[in-house]
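Each of the next two complexes has subunit A plus one more chain, namely subunit B in the first and subunit C in the second.
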Partner chain A sequence: MEAYGVEIDIKLATARQRCQALHAHASKLETQLYASPGARVVKEFVERASRQLLEFLDVEATNPELELLEPREREIRIHRTCKLVPFLYQVLGILGGAEINLTPAELVLPLRRSLRNILPHAEILLRSGPDLNYSILEIADDIRQFFSETPLAPVTENLPSPLYVMSIPLVEANEVLLHAILAHEAGHGIYDDKRLADQILPRIEVPKEQIAQLARTIASEQREATEQKNKTMTFPLQEIALRDLLTQVVTGTISSWVTELTCDVLGVMIFGPAYFFAFIHLFSTLAMLDEASQSHPPPRLRVGLMCSCLRHRFSLKEVDPRIDDLIGKWEVVGREDVKQGRGEFSLALNSVSPRILILIEEVVAAAVPETLAYSSSQLVDDVNKILPLLKENVPAAEVVRHSHSGLEPPEMPHLLNAGWVLLLARFQEFRENLPAQIGTDALASQKQLNKLLLKSFELAEIKRRWTEVANQAKG
Partner chain B sequence: MRPGGWFGTVSKSLRDGFFADNVILALARAKRDSAVSAKDRELFGRAEKFLADAIAGYQWIDEPRFTGDSAKHASLFGQVVRALKVTCAPADFVACLKELQSTAHDLSTGEIPDARKISSLREFFASHSRAEMEYSDQLFETARGRGGPVWKLMV
Partner chain C sequence: MKAVLLSGRRLKAALCDLTKPIKERLIITPLLAPDEQVSEAEASVDVRLGQKFKVPRRTKLSQLNHLDESHAKNIERYKDETFVRIGDYFVLHPRQFVLGETLEWVHLPHDLSAYVVGRSSWGRDGLIIATALGVHPGYSGILTLEVSNIGEIPVYLWPGVTIAQLFIQQVVGSEIGDSDRSEFQGSTEPRSADAAEADRRIIETFRNSPWPS
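And then the complex of A and B:
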């Protein structure tokens, strides 16, 4: 065809081939089994998008308006269009690790149900990955954003909003107690959905003098670097570049820290102490208490804030004096000053003042309705009713609640909190009820507790679904 | 505990690049036709907003107050710095952006500015388009995002 030269024609032709291969591969995944409903959404989206992209590549190949562009402008435009193909590869790649044998299928539906209590249209895709980390990404907005400037934008119309991809560590996929960390990740959804940043960020006072100090420090480091490199760069650092750097550092760090801190409080609010316990167990392995990054505040600050929130919301003595004592020890850790040497982080620390931390708690309390928040009385009830079942090594598929005459299947936060209290305060009693070969081994006993919780999730979900279907049948 | 945000970063970079490409094509059409279609007016309106937000990002440090848009404006300012490969003094930088903004504004109202102004705007968006292409290519190579520290300070 040689409309624009051989290099552009071949670029479009090979992009077409890659796209056809992608479409064929996505179609083949029809026979693959996934635990999450979100997997089908992703697969069907890639099939749809790759089919339409094929048509779009044909249109671009003969678009007469592109003659108006300079050769370099045209090449970049076509090159970027071809980038849609590797992008779709990445989208399809999300399904890796989501196969039914690689994820705790029992967890998917209760997790989705918990999330939908808060965000009714949310869809999830649970996958396991090789990293010792938990993450959640809302991908529907990103995909929409990506396609929004192309003629393919309508292809994103059927995507659910939000669509969360949750990643858990493959090696510990069945360690459900640690999965309480997902409460923080669900918090990101609430933070975005309810635009909590708009209520918190404008109240932050950025110390101007400290910004000036930071600017001097950066300039001084730049000078040293320049001298060492034998003046290969100009000095002083151009003001524009310095402004750019400072603005990105200050706005980026403070915005990200506020986001993470707010999501911690949201995690405590919707999942109770279970989130805090999962946090400290995970972070003890992964992070140093005073170590911060541009995206995350130091864990010490987070621990202090979460302990404060736990004290405000829960009557921990009533739950178990050992739990109260444990939180007390972490409170001491959280109260100590963060030892932070880096300029931009100490600036962020000063900006996220005690006043802002109180504001974060208030904003979260107002954003989460009491019906969705995990309460102190629920915690006490769970410890009194669910924990005894688990302690006897019995799956807690249903419990008697004060307000209901019948038996009620417990929801995810209830099971996780009872599980954590059992592990941290009454584990010895649980171990004594297990067969000796398991009960004498702490790790095997913990594994058994996680298995028991998974079974409880599964049975509770079956019971809940059964009731829903029965109610629907009754009309 | 979000990862680098690779997915969001690459989406944004490619979207911004597509936007720049569309502005370039619209400028080429305006030059050919000596007129601006209704669809292209809307596009130039968004180009004007892009430049206004970047100026807001530049000015943030003078009166550092947070809004939900602060980080977005800062990011746009960074993109403009990359596109312009700045060597000029701050006053010239702002004047240059304001002139580009004014050209985009004229086009958004259907007015055709002189050829030099159109050419400057096209040059800017061509540079922005290239910068975003280089950036998204890097992202595809590293499969990571713009999550790492921008500047490491040890004080």
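And then the complex of A and C:
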């Protein structure tokens, strides 16, 4: 019993020390510059939470009423709150890589604007990391959940929801065109927020008979192996247990695949062909086209679905015959049958039938209002108005959209699509126009194109924001 | 060649003329408040302070010796880049020097050149912005501003404020194809330069044989 008393005192003292250190560290970050508004939200939350936690622990240490509790009960009570300290450390760690010089700061506000067009309350935190991977994580819900069982739950009330942490590879931070892949990551946010899974997953038939057949085959193989060796083999799984396990694996795989496929279609809907081009640049290992995993469907299936979506939504011939031709070649790749892999993946593949792929397109079309989707006419307009500026080495901060209005700043998907069409179809003209000082080799030219696009993002966002603020000031 | 300074009215007309091919247009973009930045009564365009700064890292830089080729080439590495969003500020302390940029991208056709002059209102507070920075015909890029505080009091630099004026002049006698060949062409951020690149070899020769044989 006495040991509990000592344990509680040590736990309290350690938690208070750590809390003080955490609060001091969070306060020090005041001088740090971050690219995303979400970073300030996270920093202020950790500061607020650690301060309140410290106050709570101070009260707890001197609360005479707690003496009435059994030491064991008191220890559990303290632990319930102390466990927040390592959690808050983790949350603060998210800020690493979000500093303004480690992220393309020019990209943050246009990206946030694009996302907020569809999810008006979304807040983002863009960070770069050492992994060669793009990812998105909604953290507000997790934080609320974690705090919900503690006396500090009210501290989470001011957190914006959803709060997305988007990670991009550090080494590719300035490769703007590749960041079109973030449309897929934003798609994950939309998929969860609009509960698209509820509209798709119930319509998929789990192949129960085929699962049973597979379970029977595996069980029979195991039985035979046991009979042959008879000594060292473990007892084979019962067929019924195997069937349950396989059902779980297959449904899990289907669910993950549908999520990814839907986010691909969402990516095409909100960012147009730019998302597809970024996708094929990042996943262009042809040898891996049929490789699936439990979390991701075979790229060939994704390519096929995106090409179909592009054909339905965009008049690519009107954009540029070379783009039309390129999509045509990928269509051929996407149309080929996926080579069947492991048993459970084959079953998942059969369940995600052409009917389901059509359903995904329909569900996405209904979820994203036409006014917010990137359209075929916009693509043609962007190629006619933005691309010529970029081609002459001028950032597209303002373009004439309609004959009756003045110069308007283009938004993120418009710039990305014009940039991709320039890179894929008219890059030679761009290179020829570049001053020799920049370097005329392909790599230097591509670097200049990325810089021009970043500048376009920066200047267009300033122009848009300036106009908004000026209008607000006018009342 | 002789040059003719463009009036505010001519500047406005040139900036609004979208009929010419892009290469032959005068482009200053974005103009956040066009009527205020290009006044018909004046003969210049007001340009604003941009969001990027480059600050020399004193603790890593022992000297600036432009005859040392490797040092001159590495000069860019000894500068910290800082991005300050509009609405935030950068404090320039007395005797501190920083490279800034114009917010606007400037694109000059082959028959126009420009020079940049810091606004006198800043100068009176001790802030020196560039010194007769010439921009050659055919230049396209942001303009790097050399900003120093020679006053006694720290000065807040707010991106988005008008900081300099651009005087634009017509160059008579130039031809299409004549274009700026400076190393700053196409700049998207403030840039240092290898100041002695053109003269390094000859000065080096002088150094090695100071007396004529």
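As a convention for this text, the second predicted complex is superposed on the first by the 398 of 475 C-alpha atoms of A that agree within 3 Å, B and C clash if a C-alpha of one lies under 4 Å from a C-alpha of the other, contacts with A are read in each partner's own complex, and residues count from 1 in each chain.
The rule we apply is simple: contacts are C-beta pairs under 8 Å (C-beta built on N, C-alpha and C of every residue); 3 or more make two chains touch, one makes a residue touch a chain.
Computed from a predicted model, the values in this text were never measured in an experiment.
Engineer: Using the superposition on chain A described above, determine whether A:N117 touches subunit B (first), subunit C (second), both, or neither.
Structural biologist: Neither partner.
Engineer: A:Q90 contacts which: subunit B (first), subunit C (second), both, neither?
Structural biologist: first
Engineer: For A:D142 in the superposed arrangement: first (subunit B), second (subunit C), both or neither?
Structural biologist: Touch partner of A:D142: subunit B, not subunit C.
Engineer: Of the two partners subunit B and subunit C, indicate the one touching more residues belonging to subunit A.
Structural biologist: With both complexes superposed on chain A, more residues of subunit A are touched by B.
Engineer: Taking the superposition on A as described, I'd like to know which of subunit B and subunit C A:S376 touches: first, second, both or neither.
Structural biologist: The answer is neither, since A:S376 touches no partner chain.
Engineer: Once the structures are superposed on A, label A:P388 by its partner contacts, choosing first (subunit B), second (subunit C), both or neither.
Structural biologist: second
Engineer: For A:T217, using the defined touch cut-off, is the partner it touches subunit B, subunit C, both, or neither? Pick first, second, both or neither.
Structural biologist: In the superposed model, A:T217 contacts subunit B only, not subunit C.
Engineer: Is A:T251 touching anything from subunit B or subunit C once the two structures are fitted on A? First, second, both or neither.
Structural biologist: After superposing on A, A:T251 lies in contact with subunit B but is clear of subunit C.
Engineer: Go through the superposed model and pick first if A:S161 touches only subunit B, second if only subunit C, both, or neither.
Structural biologist: neither
Engineer: Taking the stated contact definition, name every residue in subunit A that is touched by subunit B in one complex and by subunit C in the other, in rising order.
Structural biologist: none
Engineer: For the complex, which residues does subunit A have touching subunit B?
Structural biologist: So the residues of subunit A touching subunit B come out as 65-66, 68-70, 72-73, 76-77, 79-80, 83, 86-87, 90, 133-137, 139, 142-143, 145-146, 148-150, 181, 184-185, 188, 195, 197-198, 201-202, 204, 206, 208, 211, 214, 217-218, 221, 238-241, 243-252, 254-255, 293-296, 341-344, 346.
Engineer: In the complex of these two chains, what residues of subunit C are touching subunit A?
Structural biologist: By the definition above, subunit C touches subunit A via 18, 22-23, 27, 29-33, 51, 80-86, 88, 103, 105, 107, 140, 142, 160, 179-183, 185-186, 188-189.
Engineer: Under the touch definition given earlier, write down the residues of subunit B that touch subunit A in their complex.
Structural biologist: Touching subunit A from subunit B are residues 1-3, 5, 7-8, 10-12, 14-15, 17-19, 21-22, 24-25, 28-29, 31-32, 57-58, 60-61, 64-68, 70-71, 73-75, 77-78, 81, 86-90, 93, 126, 129-130, 133, 136, 140, 147-155.
Engineer: Can you list the subunit A residues touching subunit C in their complex?
Structural biologist: 33, 35, 100-101, 105, 388-389, 391-395, 397-398, 400, 407, 409, 434-438, 448, 451-452, 454-455, 458-460, 462-463, 465-466, 470
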